[in-house]
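Structures given as structure tokens follow.
In what comes next, chain A is part of two complexes: it sits with chain B in the first one and with chain C in the second one.
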Partner chain A sequence: MASPLEHELKQLIIETLELEDTTPEDIDPDEPLFVEGLGLDSIDALELGLALQKTYGIQLEAESEEARRHFASLRSLAALVEARRNA
Partner chain B sequence: MSNPARPPSDAPLTSQPWRHVAPSRMAAWDAAAGRPVAWAELHGRIGAWQRRLDSLAGPGQQWLLHCRSPLEFAVALIALWARGDSAVLPADDRPETLQALAFRCRAALGDLPDGVVADPAPSPPRWEPMDPARRALSLYTSGSTGEPRRIDKTFAQLDAELAAHARLWPLEGRLVISQVSHQHIYGLLFGILRPLCEGAPLAGAACRTPETLGAWLGRLADAPQAPPGAVLISAPPPLERLPETAIPPAAAGRLTRVHSSGAPLSAAASAHARRVLGTPVEEVYGSSETGGIAWRDQRRGETWTPLPGVEVRADDEGGLWLRSPFLGAPGWQPQADRIAPGPTGFRLLGRADRIAKVGGKRLSLTGLEHRLARHPDVLRAHALPLPGRPHRLGAVLQLAPSALPWCRDTRRARVAALRDDLAAAYPASLMPRHWRFVASWPSNAQGKLGAAEVARLFRDLDDPRRPRWLGVETEGPARCRVTLEVPERLSYLVGHFPDQPVVPGVVLVQWAVALAEEHLALVGDFRDLARLRFPQPLLPGERATLELAVDTTAAGPRLAFTLTGQHGCHARGRVQLAQREVGHGG
Partner chain C sequence: MTPPPLILQDWRAWWPGQARPDESRLSGEERPAGKAVPAMLRRRLNLPGRAVSDMLDALDPEANRVLVHASRHGDGERTLQMLEALTDGQPVSPARFGLSVHNAILGVHSIASSNRRSQQALAASGAELAALFSEARGYLAAGERSVVVVFSDAPVPARFRGTDTPEVELAAVAMRLGTDAGRVITPEPLASSTAPCRAPQPTDVIRWLLGEAPLGCPGRRLSWRLAP
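Entry: the complex of A and B
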């Protein structure tokens, strides 16, 4: 079962990146967001970074190793938001 | 090549040849009635237009001009030119087109909303001098990328081109019948200005169907004062669709020349038109910006011959360079087409690569399209950076009917397969993000996927209340069929049923009314709904066809709609509207 935060993040990804055929149910929380899986690209990473900053106040260097790790899957992204939000 | 002599009857626009003509002479031919229209009548109309314009403003104005009748267009244009004004010719009469141009102009003239028209009473014309360097008119291109581009033409530019045409194809008093719009350069030059300058009659109405053409030519053969034969100004769409029996036996031999422009005619279509019409087809290659560049008659092969005065050369990549008196700019100018020069002219090799910059990377859109079109189900492909989203690509794909996706799962599978195939050659950032699968190619009156069609195809991205528009087929002024898809991001889906979102019925009715307003010019205030049925829910990702028909009742216009998907009817009903009270100011 997806947590409310995971569902919220799925909505954020779909809205931000204007994914046409994707509903929250289509996003597997453990699948990679980039290249395989959702097939997102480097421009998407930048846009997603911006959206995270706007919505949760989280700053990520889009090109950094850290960002790559957090963007690995929806679950890891949710963990990041959870951690930073409560910090 | 030696230039043929200019026919003695031909005169430049700036000499205002219509001014000196004998009033009893034939100016036009009422092809439906089979009778001549004398210059005296046209002079009276020109004067009437001038009197109306004088009541609005002094000379030196710019007017937005759109008239469906070639004759009324010609007299309005002459009237404003001879007042010292210039014309802005909208490419079409859609509200968005007009709205964008209205601010440049003093007022709209002719068949336009709130368009000024001349009084019926004739009035004596007056003739102010026309300076060759003055701007005669502005035209608009209908490119598929970005905004329509404005192109200004001076009298000198128009006259240079008209003189070249007159040398190659003297009209010699023949009737000019046009099947193309005179709001564009080709129809304007060939259908209106050539006959005016050469003193040849033009058909007073536009010739829309092959049946009309056959009937007109038949009547031409019978009428006592008729012009000695006719010239047809046509284009690939009507020529490709000519029925075998378009010309009745009585009219055989009346047509002495056919012109085609807008796009190259296939060899088969050229031969077909030549056989049916009984006369060679002379094609003209050019554009709004360049004017005519070259011509050909495919009986002599596919090679194009430059028009008199036009010089053509190819650069190392085969790109066409042009030096032409019909262009606004002097010197050699690069063009977007590629050519292969030969001893007597050149062959056209198609458009040069369209290059886009996406996310800082250069991408050949042409290459991407070729790759997409390799798939057997893809009949035609067009890729483009989306207006307002320069880093995102859209793709318009015409699919074989059996390959069209009708629901979310088939659409997702289709997109995934296309992306998989592209992944071998392109990084993810250069792949189209927004896909539009169409059954027939969306095109404007010139047969091109224009900016307006592109805007419609992708407008659901900016307005989450709209369906995804995938094309319209119109059947006359009161019926059409719109194909649409339900975007997953549609705002109305939210919170309707938690487990299975559907499009609410009231939204389907709203869509039907909005699309009828757009495609059938439905106007009225909502009054009543009747016979409303929603037999099957419409789900996100589903594709459906909306049939719209408007008829008029005593109470006002009435819209009947039926929305049909893969598994049958989703919605049908009738919407009664009340006649809207419209105050006609000024």
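Entry: the complex of A and C
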């Protein structure tokens, strides 16, 4: 069961990246977001980074190992937003 | 030396709401399917882009021909949205930037189709069709067996339109051109007695292909005759 924040992030991903024919239920929180799993690419990573900045005020270095870790799955992305909210 | 003839081998067109009952090469769909491109790439194409991808897939199914795409205005909407974001102090969307460039449609199509041949995007201030025919002649003279040329356009956003900006109709047309096996295209000087005509748009080319209207380019003082 997705948490409210995970559901919110699913909606953000679908709307920001214009994922046609994809519903929140199609996104497995533990599957990779990029290449495999959801199949996002490097332009999506930049677009998603921008959306995180606009929506939650989170800024990540595009090439950093930290960004790779946070973008690994929806679950890890939700953990990042949660942690920054509580910081 | 006489240049080789320019021959129309086949064509496809998209003109929303303007399908003809006896002409399957013209699509009148309001929203082209874009089935030639996987969904994860298709989401980035605008409507002309989706139509163009499907037309290229029909005219170049082996994905091994040179492709030339002309558009007078390109994707004005995406470009304006980026400029507006910059004006508001907002960061520019990377996807919007990537897809606003003039060769974006051919770029996405080439990724989807694995066509690694030469692909060219051009704008020619209203002489796009003349430029497409010139480019095609060049490639054919250099030994290509056929070339696919595409002409698409979309209305210029109202907030960017000047008082003398001509009305642009949403449409796209693609032609496979070669030196044999089809209908000969013959360029002729535009007769001085010809009624004034506008710079040709994709819809004018479609009417010409359908045999509904002649086709001329006032900027180049040229017209084109299509053999029956």
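Note that the second predicted complex is superposed on the first by the 87 of 87 C-alpha atoms of A that agree within 3 Å, B and C clash if a C-alpha of one lies under 4 Å from a C-alpha of the other, contacts with A are read in each partner's own complex, and residues count from 1 in each chain.
Just so it is clear, contacts are C-beta pairs under 8 Å (C-beta built on N, C-alpha and C of every residue); 3 or more make two chains touch, one makes a residue touch a chain.
Predicted, not measured: the structure shown is a model, and the values here were computed from it.
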{"item": "Partner chain in contact with A:53 - chain B first, chain C second, else both or neither", "value": "second"}
{"item": "Partner chain in contact with A:43 - chain B first, chain C second, else both or neither", "value": "both"}
{"item": "Partner chain in contact with A:21 - chain B first, chain C second, else both or neither", "value": "both"}
{"item": "Partner chain in contact with A:76 - chain B first, chain C second, else both or neither", "value": "neither"}
{"item": "Residues on chain A lying within both footprints (that of chain B and that of chain C)", "value": "17-21, 39-41, 43"}
{"item": "Partner chain B, residues of chain A touching it in the complex", "value": "14-15, 17-23, 26, 34-35, 39-43"}
{"item": "Residues of chain B touching chain A in the complex", "value": "359, 391-392, 408, 411-412, 415, 419, 427-429, 431, 433-435, 461, 487-489, 540-541"}
{"item": "Chain C-facing residues of chain A, complex", "value": "17-21, 39-41, 43-44, 46-47, 50, 53-54"}
{"item": "Chain C residues touching chain A - in the complex, by the definition given at the top", "value": "39-40, 42-44, 90-91, 93-95, 98"}
